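Each chain gets a letter, A, B, C and D, in the order it is written, and its residues are counted from 1.
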Amino acid sequence: MSLNTFGHLFRVTTWGESHGPAIGCTVDGCPPGVTLSEADLQPWLDRRKPGQNKYTTQRKEPDEVRILSGVFEGKTTGTPIQLMIENTDQRSKDYGEIAGAFRPGHADITYHQKYGIRDYRGGGRSSARETASRVAAGGVARAALAALVPGLKITGYMVQMGVKGIDRARFDAVEIEQNPFWVPDAVAAVEWADYLDALRLSHNSVGAVIEVVADGVPAGLGAPLYAKLDSDLAAAMMSINAVKGVEIGEGMASAALTGVENADEIRMGLDGPEFLSNHAGGILGGISTGQPVVCRFAVKPTSSILTPRQTVTQAGQETDLITKGRHDPCVGIRAVPVGEAMMACVLLDHLLLDRGQTGGVRGRIG
Amino acid sequence: MSLNTFGHLFRVTTWGESHGPAIGCTVDGCPPGVTLSEADLQPWLDRRKPGQNKYTTQRKEPDEVRILSGVFEGKTTGTPIQLMIENTDQRSKDYGEIAGAFRPGHADITYHQKYGIRDYRGGGRSSARETASRVAAGGVARAALAALVPGLKITGYMVQMGVKGIDRARFDAVEIEQNPFWVPDAVAAVEWADYLDALRLSHNSVGAVIEVVADGVPAGLGAPLYAKLDSDLAAAMMSINAVKGVEIGEGMASAALTGVENADEIRMGLDGPEFLSNHAGGILGGISTGQPVVCRFAVKPTSSILTPRQTVTQAGQETDLITKGRHDPCVGIRAVPVGEAMMACVLLDHLLLDRGQTGGVRGRIG
Amino acid sequence: MSLNTFGHLFRVTTWGESHGPAIGCTVDGCPPGVTLSEADLQPWLDRRKPGQNKYTTQRKEPDEVRILSGVFEGKTTGTPIQLMIENTDQRSKDYGEIAGAFRPGHADITYHQKYGIRDYRGGGRSSARETASRVAAGGVARAALAALVPGLKITGYMVQMGVKGIDRARFDAVEIEQNPFWVPDAVAAVEWADYLDALRLSHNSVGAVIEVVADGVPAGLGAPLYAKLDSDLAAAMMSINAVKGVEIGEGMASAALTGVENADEIRMGLDGPEFLSNHAGGILGGISTGQPVVCRFAVKPTSSILTPRQTVTQAGQETDLITKGRHDPCVGIRAVPVGEAMMACVLLDHLLLDRGQTGGVRGRIG
Amino acid sequence: MSLNTFGHLFRVTTWGESHGPAIGCTVDGCPPGVTLSEADLQPWLDRRKPGQNKYTTQRKEPDEVRILSGVFEGKTTGTPIQLMIENTDQRSKDYGEIAGAFRPGHADITYHQKYGIRDYRGGGRSSARETASRVAAGGVARAALAALVPGLKITGYMVQMGVKGIDRARFDAVEIEQNPFWVPDAVAAVEWADYLDALRLSHNSVGAVIEVVADGVPAGLGAPLYAKLDSDLAAAMMSINAVKGVEIGEGMASAALTGVENADEIRMGLDGPEFLSNHAGGILGGISTGQPVVCRFAVKPTSSILTPRQTVTQAGQETDLITKGRHDPCVGIRAVPVGEAMMACVLLDHLLLDRGQTGGVRGRIG
């Protein structure tokens, strides 16, 4: 990874600011011959698109992705795929306040300190808008994964919003696409709506936890020790705006477990070894076990809120700042498709890495 | 990062297995002219060294580090620094059982599946012994940081072991070096001793949470978006054996906060802006704020335990496995110096990266 | 370097095909605060632009570059700079012949063999058109270099076309911009015109040697051993389409020299050491000496010619192929600004790398 | 590539100085299951070993390589392979003169300028001794290539020494191992002996051109545009000490060819397309054609000679320097096995890269 690029063989370089003419990414290293068109990518972007309900920013962006290179006659050519999304709703407005003062909890101040200059319009490069590029790249990764590992399936959903968690006993995957929170629990979906409404009306915002699960990941993806599958997943998820924590399997809760409890015992199944539990989240020693890969990450509450917060201006004057504008009360909602996209990119990258080093040959058991 | 290398400019490549002749690492990109000798590195290694008390493995390793290159007349030359630690206590024993069967919760099975071959002696490459190389590399990073950022201080300690947490009201940094758990709470140190004794005697093990804090980190380190300081810290900590979760600042708990609570408000101090809180853990938008950088990670319980667990052999036969040998009942204890080392490496790397891109110039406030 | 990216800290990722909607590149790692606009880049692109005289392809491309990100209020922000050049003259024509048969000496066949698919329109990704992106990136590098190393000057020119070389006794830098060949020798310029006319009319093409010199490069840029300044220059120049050889200083001719002849003797000047000759081409041990950095590369003759050549079709049938279309009789001419651009990118990259590792401090002499 | 590492997937990081305790390298990314022992590597090192005849340095080094990691029960495990070669003949001597003055044509001055410190003993990091590590790594690459591409064969030899070239009409591969110059021309071998004797006795040295040919390279290795096979070969060869030029196929001579001459025409053979010539040196568009890959590089004359040359001291005083010690009169001789090793490393790296991206599938012809 280097500045604005992630991945080893399947490499994604994103570019663009919230209020520039466009954002996008270059996807390099994609296998050739994968069927791909804008129509394959657009549905993923539509899931992340702003303005779809009252719980996300009201910015109106079609988020139409264009493929500018790397695809010929409907198939990837193995050369870089340039994806571009034009910014159409950069509302003409007065940025005077944000231009001069730093939003508490926001990257305004650090961008200024590091670079001595920042594109303050809509958060510039630090805007969550950048994640549209990730979702587009994730769409390419999904297309390649579909060709290479037909059964692989990636599903993201919210498991916590603010102080409200889901009840895993009510877990229903079908529910995920039925509510604005991507929450797999119909009861929670109703409760959360009230909860978030209240927060929004009180000019506040709230954090969230997203879980992303990949089923059908073959055993053997990953690498010791600094390109471990979990190490790369951690970097990928932590690179998403506002993420403050990443967990694999039991995650932070594994600290409270004993070795007896945590051991995922193994039995022989019809097709090889089978685990009796998945505390490991599908990864042991940085390498996939063949079980579902389970990753969670926490998104902090949106820092742009209508409640005044103490801060300073670039000139060094103390002030109270209210952030107007069209901000998500829970930016974690739109992080769900982003987390899925990062999972797709990391898995494809490791599939290619593994194929490169080992040729995909697997050690036999039994 | 690539397989066994981490870092962008300050790059560490580790090598070696638990029971081979030696382990070590190549440290590339270190600034020249840094005062460095084995005596500067050994104290850090001694902190991680096994066999120091009954709570860590009884393997007897002097862990003497040798500098084989890159240092001339007591100073680094800017060329690669090779650090080697000989393995002296690879006890001659029968590995028959581990050689044939896979420890539940251990990387045995995934190494076999991926590579079709594994050095099963003492865990081979997946042994926690590899972390000695990280600590040695961290010692080099600390020496360079001491020269470049005199006030910078890195402190690691345990905040949770199993179900036992510390009481932050009793936090006492002096206490950290006074007990075998690196715990900054004298009362906890006593309780934890009993707790771990009981677990050990019942042939069990337990997980832990380690917190690493870096004070004196200048504002402006980090980079958007995939080489964010927090993204690289997450990758670095997750690359440590047995780590299953990583948090920055509030971490997973940030999900439960509101935007009003989470905003680290800013006032002007004598030397520039000052934050009234540090929910962010010293990082906003992937870039350091100048506040303490706070990182936590969870270590799962040691998988090698004396309690029988169900597993399979390489031949595909089901069996119950007891892992004999000299294993840490809480491998999290020895992860404290390792976490510190990773923090040191990541911070130095980002210091060099920042100096490369910006020349170290900072945007003014006031 | 990785597939379509080059550079360590100043990283350029190019994308796009000859006949797609656009080509471009992402420039990552540029220092912040550099004055930059499209007007700064366009002159460099205009020098490479096709159709400027009868010796280059008659394709009519305005090659207008747009900056889509990374620049705010006329200055670079330190975030990725996306440069896009639309393809406007993708002449609608029948590609039937090239689509089916492989041009001898061209990448048609290897792209097909590697990827099983190729965008044959105008050569697709292997078209010299890709070099426009390099020139644009080079323009960014020049702007940054101008800010960081004011006296640095990069000059490229042709020293050989086919069997015709320049007479170094007539070397006149002013002449370079006065003729269509970028040749610093007025007599040669006239002769070469006749020579190339004859070749063109006989449906043939010819190779060339380009020399690129950088004056004012500070001592100390480069790094042992695989990121040597000359190693990176060699990779950069060899990555240009049709380049088959790269030389530093005496280059291949150094083989014929003795150690006595080749020693660039050193005397003390007013500002430090001075070399009495520059056989080394400004680089010793991979690190710049402070003398002019001298690099040469050979460009093979254009493979797309009107003379029939034996080849095979994708279906495996033997055929004779004439390549119609608008092809440069000496593609080396337009390689001059490309070579300059690569020199600029490599030097800036090493300037940043050096600043990162050493802070730019230099060992004193005297 | 980054400082002291080269390669994308098959990555080699070398370390060590001429007169430190040892030199070596870490080889990361090697495929697992490759048969490997010290006995497989030693023969390659013996070919490069100093002191084998009067035309190479008389330093007596056994150059015994030890494998410290990454191999288990005679097979590679897929984890990093550490190779170490102890320095045994660091003759205790007075380095006073070289310590204080800079050898003209040597890296002494640039290392000092860049780092402000240098290990002057025997040239330190810039010593040709570092190439032993490359040869060891090349031995690993050869072992892996032998397993993956059985017919692949790499042969290096000298084609020019000083003003003396070989007569290609007398080319005899058997001759290469029969003379101290690795020259495939028995007549030249005799002439060169006299020529070099005379140069050596007159306290002089001389340059050389080495050609390395790889037969049996499958079509399809390489990648556009900055990880082209030729671009990586150019970087690899230019990274060898004292190399000043690199050529692929016709190399610099391609400038003098016409398109008609340079076209490698294609016919259908029994096993697919066959080229009627190989001006391209087996690479088109950065991708291998299936023909022999042909690379040449020029090595400048040894700068350490007994003839006095003008230079300056670190204190800034002018002086005449004679370099005593055990130096090769033609360092190009020992560069032959080094060039072969670099070719092996680059080819294996690209084989793994290609397998990663494409799965090794090839586009059909016929």
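Definition applied: a residue touches a chain if its C-beta (ideal position, glycine included) is under 8 Å from a C-beta of that chain, and two chains touch if they have at least 3 such contacts.
This structure is a prediction, so every number in the text was calculated from the model and none was measured.
Asker: Can you check which chain pair, A-D or B-D, has more C-beta pairs in contact?
Answerer: When the contacts at A-D and B-D are counted, B-D has more.
Asker: Please identify which chain has its centre, taken as the mean of its CA atoms, farthest from the centre of chain D.
Answerer: A
Asker: Between chain B and chain D, what distance separates the C-alpha centroids? Give it in angstrom.
Answerer: It comes to 38 Å between the two C-alpha centres.
Asker: Which whole number of Å gives the spacing of the CA centres of chain A and chain B?
Answerer: 26
Asker: Nearest whole angstrom, what separates the Cα centre of chain A from the Cα centre of chain D?
Answerer: Centres of chain A and chain D (C-alpha means) sit 45 Å apart.
Asker: What are the residue numbers in chain C that touch two or more other chains?
Answerer: Each of 2-5, 14, 29, 32-33, 78-79, 111, 114-117, 125, 224, 358, 361 in chain C touches at least two other chains.
Asker: Which residues of chain D touch chain A once you look at their complex with the stated criterion?
Answerer: Counting only chain D, the residues touching chain A are 9, 29-33, 78-79, 224, 352-353, 355-361.
Asker: Using the touch definition from the top, list the residues of chain B that touch chain D in their complex.
Answerer: Within the complex, chain B touches chain D at residues 2-5, 11, 13-17, 20-24, 26, 28-29, 32-33, 66, 68-70, 72-73, 75-82, 111, 114-119, 124-125.
Asker: Which part of chain D faces chain C closely enough to touch in the complex?
Answerer: Touch list, chain D to chain C: 1-6, 8, 14, 102, 104-107, 109-117, 125-126, 130, 160-163, 199, 204-209, 219-228, 230-239, 241, 243-268, 272-273, 276, 279-281, 283-290, 296, 298-305, 307, 309-312, 314-318, 332, 354, 358, 361-366.
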